[in-house]
Amino acid sequence: MFKMDQNNESFITIEGVTKNYPRNDKTQSLALDKVDLSIKKGEFICLLGPSGCGKTTLLNLIGGFSKPTTGKILIDGELVDKPSVDRITIFQNYGLLPWRSVIKNVELGLEAKKISKEERKTIAEEYLSLVGLTDFSKHHPSELSGGMQQRVAIARALAADPDILLMDEPFGALDAMTRMGIQDEIQRIWSEKKKTIIFVTHDIEEAVFLADRIVIMTPYPGKVKSILKVPLARKRDRTSIDFLKIRDKVFSEFELKAPDCTEYYL
Amino acid sequence: KEKNAPVDEGNPIKIGYLPITHALPLFIQEDGANLKSAKLELVKFGSWAELVEALNAGEIDGASMLVELAMKSKEQGIGLKSVALGHRDGNVVVVSEEINKASDLKGKTVSIPSKLSSHNILLYQMLKENNLKLSDVNVVELPPAEMPAALSDGRISAYIVAEPFGAISISHGSGKVLYDSQELWQDSLCCTLVLRDEFINNNRLVAEEFVREYVKAAEKAEQKDKDVYEVSSKYMKTKKDVLELSLKFISYKDLAIRKEEYQVLTDYMKEMGLSENPPAYEDFIDNSLIQGE
Amino acid sequence: MNIIKKSFHVLVSISVLVGIWQIVCATGRYEPSLLPSPMDVVRSMKELLEDGTLILHIQVSMTRFLIGYITASIAGIVLGLILGWYQKLWAFIDPIVQVLRPISPIAWFPFIVLWFGIGDAPAIVIIFIAAFYPVLLSTVNGIRKVDQVYLKVAQNFEMNQFQLLTKIVLPAAFPIIANGLHMALGSSWVFLVAGEMVGAQSGLGYLIIDARNSLRLDLVLAGIIFIGLSGLILDMIIKKVEKNIESKWGVQNGSK
Amino acid sequence: MNIIKKSFHVLVSISVLVGIWQIVCATGRYEPSLLPSPMDVVRSMKELLEDGTLILHIQVSMTRFLIGYITASIAGIVLGLILGWYQKLWAFIDPIVQVLRPISPIAWFPFIVLWFGIGDAPAIVIIFIAAFYPVLLSTVNGIRKVDQVYLKVAQNFEMNQFQLLTKIVLPAAFPIIANGLHMALGSSWVFLVAGEMVGAQSGLGYLIIDARNSLRLDLVLAGIIFIGLSGLILDMIIKKVEKNIESKWGVQNGSK
Amino acid sequence: MFKMDQNNESFITIEGVTKNYPRNDKTQSLALDKVDLSIKKGEFICLLGPSGCGKTTLLNLIGGFSKPTTGKILIDGELVDKPSVDRITIFQNYGLLPWRSVIKNVELGLEAKKISKEERKTIAEEYLSLVGLTDFSKHHPSELSGGMQQRVAIARALAADPDILLMDEPFGALDAMTRMGIQDEIQRIWSEKKKTIIFVTHDIEEAVFLADRIVIMTPYPGKVKSILKVPLARKRDRTSIDFLKIRDKVFSEFELKAPDCTEYYL
């Protein structure tokens, strides 16, 4: 209950974060330019933008996999400087270990913690059932479809009980219809588990369907263009007028830049 | 080159050899380059196996080789004649420091280059003389080049092999002579000069000249003088002291094979099971070239 | 069904091969002792089989081979794991390996005798040498090619260095390592004959060398056939193992 | 920059190796004639270099090697193309190849002499044999793995059989073939020493064998070093070629 | 003009086409079940449906890459029994030859025809400029982005001057925004070149944006569920009311089956 009251405080604070990558020709490439962002506990944030706008870069910084060139990232007041089991990243290609069965994959995050074998199994089974894959626990990832694999990755991340889930275009490789199914699912899990989720996508509709707030980014240099609230009740109807209105809004955010952007995208 | 073609200017006599002291007459002969009727070309091989395979395939016209190997080839139907010995004697039983008599070898490892060799027969004779059997020692076939190292490192206790490999251990001080081949087998046969039948038949005159000059070269070799060292250093990269020592064991005289000697050899081969049906003296030994009928 | 088809292929191709061989022999161009006929070879194969020496030779060779191959595999994987992980160290070792690798084991004979003596040891050492480089290089390569995402996952779950190596790096690199093990099997089996040249008194390689020295080419061919068949069987076994691993790892290629 | 770093690595590692070698020699455990010291070897290397024989040996060996390797490559690719394309035919040839491949070239010596004589030919033949199988197998494999989509594209554009093979299949399979060529280079260079055992009168392999028979182990080591270095250079050249092809083909792996 | 008049006649006729694939366990898998379809010259047809509904199978049959188990396919009255340069298929992974430069790839289709080298080059350049890649003609495919590669594939197909273009999820691997750009482009090219296009997709919006008629397919066994006309003028506005109405219609076509389909998709 106390936590609920805190809800207006910033949980993740990104302050003036810039990221430069050295280039071969000794110039610097500005992947992120002065990003400021503050995320509340339990929020569902979508980072939306075309290729190269620094979505992955920003997510990696929050995950602690790399350090900002300038600026800082605080989580719960603490400086982020290395990866932590409190923020689990789910990668686009799932990052499942192909040599482990589904359940062994889910147990992975628990093996680093001091948890007994049986308990590990119980926890893993619990999360597999959450994503509806109880029957596939003995299968290997290669025997599953892309959507199922992504659900295993989600179960694995949740099993480690992190505060934050970082998802980098998690559904990018799935076909449009499979995508809708798993979008429903992640939003159900989010509602149930109250995790803070930062979700990277370049699918406008996906962002509108999932996000509390959409962070719209633009490339060269990568920066935050605007932040859009999505004040729709869950579970959202993809064909409702309100949904389509927000979708329109995002479209126009991008179409403002359309004429000179197209060349970049293709 | 056509395998059985007569030799001529562009088609030299090809004789195979191994770089050992036993082939010294050939070195002197080629170095002298004194054949009128044809050119002589020596072909060096790395081991007996490759040499005998080349000879049997007709790739070379003749070779200086172990007489037992030549007999085996003959036995298998290859048309060969032994026309002159390479040398007489010239093999020693080299043992390590702690071996003082043949009976010390009981249960020890002794190496020879090949079963089909005079070295095997010499080993047999030595053991027999000392009331031992081949099965009393552990006989190991090794490439000759590895024998000195194996002896010096104590992997084997004795070896019998063509020169200069015996002399090497002795001059290093890692081995000593237990027996000289004369002590075991007077006037022993070892390497012989063989020629292919087609070569002799197609090039009778050349063959005669070749063998004649070969004998002359052997006579020169027997001098064992400075010239000999010089020539052999061109063919073998052996150090001088080793060569000198190894020459002491060898005789290059009296190169025709006599029937009685050959009989002794065939008897041993049969006794040791090396050959069931060795070629008859008349079929295999051709002294007509050396005696220059 | 599949096995019947395969056997049929094998039968036909072997028959054609033997047929050609028989015809070449029948022309009489080659001395029978220099090119034994199929019948001669079959006879000597039977001889070897019946007097039991063959089994002995195969056993001895297999034992030597497996000792050399397995120790080389273990050494190659362990060293490869270390060197692949510490790339800085590898930068120093790499040039040495690159210079040593193209050298024939035959060239090492004098030193092998000096250090390892005669008999079993040199055969094992030569097989070891022949197997070691492919395993080492493929392990280093496999580790280098481990998908970064796995390492990130491990970091994310806060695994320690040991867990990282055993639970992530080694299994992730294993398909490439397994391929190296397979290649190493083939290339080291070829050196069995060379290995058994230095004072071995038994084994398939010795059989061939001894037959060569005794001018028994029928036996040489018999030995060749047995070496070929044993090599083939070894290869089939490791192929099976590799397939298993691949399918478990979800590697899709090599399917058809 | 990069080259300086690399040279530094090479220098350090070679120095360490030579250092260890020197220490082993200095212990006096081994007869100097059985384990020559680095200085001895450097001296004989210099000797070989100065009297010009080394250049000759390297030239001869390289010529033999290149003839054997290149003919094997051409034969392997052409045959592999045919056999890879006509999979039914390959089903018959495959068992023969699988049995012949694991046999040491040394075992074939008697027959190689019988058919190919002595001198250059057997050396070339043995290198040919050693190079042929990897090239053949990788070509067959490469063709089998040609992406079906390319074949569909060719069908779609109504290409004829010849265009299909030369414009689509061969280039599509080329990265795998190139890898096979690389492997073949390494495995056949190792057989140079064996190849030059059969009546060769020159060449690096001959140099080693002759030095061994003369118990000049300093020369053996010098020969080993030259063989290793030449092999390394050959390897570097083909690696470069392979990289070029890979980058042109858009193959992304092997990058880091 | 005469052709225009023909416009109501069937150009591609699919009659009672069934396709069975043999399975390992000796049962048959029914990939297509009694498909009837008639396509007019110059039409833009989208085949829409979830994974496994036989879209690729149907396209391969029309392309002549495989033969129907029963039924027949006629084009311009002629039976389709092998691939032809008159119908070019564009594959999802582009099917570009990585060892050829962009322009050489475009020339590929011309090499089988008896056309001189210079003419080939002229034609290839023409089509490269059509897709806006003139500057990249010397590049290799691996140096281009996915969207650019797909445009090369389109240029290559068009250069062979086929009557029909068959496209199998051509934009499936592109990110959502790149996709919109290239959708605009393909529809522009279609308007310009008057080709008959059969376009496979599982993206509802894509189908609505592009198709004259959407062929909605369902799996197990794969069959045509319904055919939907899209009577919108070009170039369509993705946010217009009419567009969204048709999008809704398609949604509802699928959502009828949603409860038991979801399991299949994932």
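Each chain gets a letter, A, B, C, D and E, in the order it is written, and its residues are counted from 1.
What we mean here is this: contacts are C-beta pairs under 8 Å (C-beta built on N, C-alpha and C of every residue); 3 or more make two chains touch, one makes a residue touch a chain.
Here the structure is a predicted model, which is why all the values come from computation and not from measurement.
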Via touching chains, chain A connects to chain C in a minimum step count of 1
If you tally C-beta contacts per chain pair, the winner is C-D
Per the C-alpha centroid definition, the whole-Å distance linking chain D and chain E comes out as 48
In whole angstrom, the CA-centroid distance of chain C from chain D equals 17
When centres are defined as mean Cα positions, the distance from chain A to chain D in whole Å is 50
By the touch definition above, chain D meets two or more other chains at residues 34, 109-110, 114, 197, 212
Expected list for chain B, residues touching two or more other chains, is 49, 53, 56-57, 145, 149, 153
Residue ranges of chain E touching at least 2 other chains are none
Those chain pairs meeting the touch criterion are A-C, A-E, B-C, B-D, C-D, D-E
Per the touch rule, the chain C residues reaching chain B in their complex are 31-34, 109-110, 113-114, 117-119, 197-199, 201, 209-210, 212-215
Per the touch rule above, chain D residues touching chain E in the complex are 149-150, 152-153, 155-160, 163, 167-168, 171-172, 174, 248-252
Given the complex, residues on chain E that touch chain A span 50-51, 145, 147-148, 151, 172, 175-178, 181-182, 201-206, 238-239, 244, 247-248, 251, 254, 261-262, 265-266
In the complex, chain E touches chain D at residues 63, 65, 82-85, 87-89, 91, 93, 95, 97-100, 108-109, 111-112, 140-143, 160
Residue set of chain B touching chain C in the complex reads 48-49, 52-53, 56-57, 69, 72-73, 76-78, 109, 111, 114-116, 140-143, 145-146, 149-150, 153, 155-156
